[in-house]
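To start, the structure under review is shown below, and the notes come after it.
Order of writing sets the chain letters: A, B and C. Residues in each chain are counted from 1.
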Amino acid sequence: MTLDTRAEAGAAPASAWPIRLDGVSVTYPNGTAALRDVSLTIDAGEMVSVVGLSGSGKSTLIRAVNGLVPVTSGTVTVGPYTVSGLSGRRLRQVRGHIGMIFQGFNLATRIDVYRNTLVGRFAQAGALRGLLGVPTAHDREVALSALHTVGMLDKVWTRAGSLSGGQQQRVAIARALSQEPSIMLADEPVASLDPPTAHAVMSELERINTERYLTVLVNLHLMDLARQYTRRMIGLRAGEVVYDGPAAEATEADFEQIYGRRIRPQDRLGDRT
Amino acid sequence: MSGTTAEPAARFEVPPRPRTWPRRALIVSALAAFTVATCLPAIGGVEIDLGAIARNWRHGAANLSALLQPNWAFFPRTVQPMLETLQMAFVGAAIAAALSVPLTLWAARPTNPNILTRSAVRAVVNVFRAVPDLVWATILVAMVGVGALPGLLALVLFNVGIVVKLVSEAIDSAEHPYLEAARAGGATQHQINRTLALPQNLPLFLNQWLYALELNVRISAILGIVGAGGIGRLLDERFGFFAYGDVSVIILEILVVVLVIEAASNILRRRLA
Amino acid sequence: MSSTVEARTRTTATRPGVALPPRPSRRGQTAATAVVGVVLLVATATLDVEWADLRDLPAAVRDYGTLMFADPDWSRLPRALFEMWRSISMAWLGAMLCVVVSIPLGMLAAHGVGPAWLRLALRGLFAVIRAVPEVIIALVLLTVTGLTPFTGALALGIAGIGTQGKWTYETIETLRDGAADAVRAAGGGRTAVIRWALWPAALPTLLSFALYRFEINIRMSAVLGLVGAGGIGSMLANYTNYRAWDTVGMLLIVVVATTMAVDAVSGALRRRIMEGT
């Protein structure tokens, strides 16, 4: 089997995209102000972590980037697009360029790994193929190489529900990779995993960032993971940015400021094994 | 009992017992009043005529014992109508199964976020479900004439109502994390339904399709009473002639078929689970 | 930048070298689907139906729809409401009878409550009752209590025992054994287990099923009316025979409205019961 040249060209994202938030506020319909006037710029190809206590607005921030949560005021810009204000087909098109990984993996458990991965190709499907749900040879190639990248090719026909947590998260990463995204968002990708698996998944994200040259924005609630795997760290507290700087240099005092309390043992995962 | 409870009560501060009995008494007396009202013939209630049972129980006993003496010679004449009944049940369930897929996905919240079309489909299904099966058959016989066609149509309408209601409620109450992931990847609702929601929820559908088939065998056995084909026509005719031995054969046959279908679908359910 | 391109080429280029595992065989599933398909085709082809008649169906639906609903005859509404109440009464009494009989029998039929022989006998009885259509039970009862709503109520009560009994023992069996074990561990006997462990835990579900039986009976009482048990079903059958479509239309509206109202009220009650308020 020789590689389709389109597949090879397609496997390379056109470029990483920068992310810009300008005075973004999000207030949920029930009145909770989850983000207050957040402005920040993430350069193309950066790997940035967002840390903060539960309820500090980490998920809201990451969801505002791909429009899963509409912003109340301010603008969100990714690459050439302004996300805030988009809807329908245009929004889906932009989302096609942004991969996302979830804490709960969010796979369809009764469906095999192959078809779960192909979900990443949906945004690229033409009208008729979208209607019939038939992937092209190119879609297939991209999905399989994404599975290969995360080392899950041998499980391609297994039902997603019968995989272990770490394996499911790898499939979820492959799903996001098969979008050939310019940005990768991850909302606490390792919070449901045991420590060794958590390190493996974080290394996977790190590798994707360097090998595929993607902008990566990852939510973490553990300080040592943020320090180890990301260069820049953003600290959120009650919906406001209270820290933005190099992750490695963040001191205990910085974390105590982000958390608004003393460091506790459960704020650390433990070392790489 | 009072001695053992009174003593600790004196020594410990027992929080006051919530007074539930007035509400309980109210509910019970409302139910009793309603029941009494349903027994008053003057206002249209049911006249409970235990005297009739005392007077005529011999008729019933004689009929029952006649029913317990099947006239096996009649069996060959029942085969053809019984086959027709089974055919109607099966074909009706199959047509309804096909129709139920799009309707159910329209009627469930996760697979149809549009509140207008969703409520419209639900309202129509609820109206159709409120018409009893044999009433459908009666009206359809008037419309398209005596035969298997009105019976088949009645079964289809009845099954679609049941399957759409039960499956859409089951889909509503289940968690669908993969929907969010697919949305984040830029998928359309149609792509999600076609490739994820339908296969993921197929076991729910299969379960209710089997249930519809079971019900159909039971119902199509009596559809003939209003002229809608199947073995019910023969049953009605033999009953009219007081040929209880023949009726007995038919009832036994229905019983065996229903039990066999129920057992078979139980086995299938277990294998699908 | 150049190193990342190299890396990317490496990851994709090695992909074909790794064997894609063979797709697991789905022959069994395909065969089963094929069998069902063939049976379905044969059944459809040999069914004694003039499919051509379907072409007239849209016109018939339009014509009869107009006859029934363009100008329903509301003059007989009082009579219809009276008969509807009779059907509701039939359904309610039938549900009461059914529940009162099937709860004790169903409990005895549950695993770990009654002796094995009784369990088997009761389950057999439930299965037989489930298999006999309500209409047939009504036809037998007619000879005792005549063409009356009482017959309808009795038939609904008896016919429902099959399903209701099954639901009862399934409910008891799906209860967590913890409470029952606790009562046993405290030295309780069979009655104590039923009274203090099974009954309180199962009560909300059983009450909810009782209301559900009432909803089912509302529909069935109209059906039994068609065979002469009285109530709205009998009225509907009569006016259909007279082909008085404007009255039939009115009756259908009454049936649908009442059924949906009962469903709504009973459904809301069931939800409250299950939520424990």
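Following the convention adopted for this analysis, contacts are C-beta pairs under 8 Å (C-beta built on N, C-alpha and C of every residue); 3 or more make two chains touch, one makes a residue touch a chain.
Note that the structure is a prediction, hence the values are computed from the model and not measured.
Taking the mean Cα position of each chain as its centre, A sits at the greatest distance from subunit B. More C-beta pairs touch across one of A-C and B-C than the other; that pair is B-C. Averaging Cα coordinates per chain places subunit A and subunit B 47 Å apart. If you average the Cα atoms of subunit A and of subunit C, the two centres end up 46 Å apart.
With centres set at the average Cα position, the gap from subunit B to subunit C is 3 Å. Multi-chain contact residues of subunit A, defined as those touching 2 or more other chains: none present. Residues 39-40, 43-44, 46-50, 53-54, 56-57, 60-61, 64, 82-83, 85-86, 88-90, 92-93, 96, 127-128, 130-133, 135-136, 139-141, 143-146, 148-150, 152-153, 219-220, 222-223, 226-227, 233, 236-237, 240, 243, 248, 252, 255-256, 259-260, 263 of subunit C are the ones touching subunit B in the complex. Interface of subunit A with subunit B (complex): residues 66, 68, 91-96, 98-100, 102, 104-111, 115-116, 118-120, 122-123, 125, 130-133, 172, 175-176, 179, 185. Residue ranges of subunit A in contact with subunit C, taken from their complex: 1-3, 7-8, 11-12, 144-145, 148-149, 153-154, 156-157, 210-213.
Note for the complex: subunit C touches subunit A at residues 1, 4-5, 7-9, 11-16, 18, 20-21, 23-24.
Those residues of subunit B that touch subunit C in the complex are listed here as 34-35, 37-39, 43-49, 52-53, 56-57, 59-60, 63-64, 67, 84, 86-88, 90-91, 94, 126-127, 130-135, 138-139, 142-145, 147-149, 152-153, 218-219, 221-222, 225-226, 229, 235, 239, 251, 254-255, 258-259, 262.
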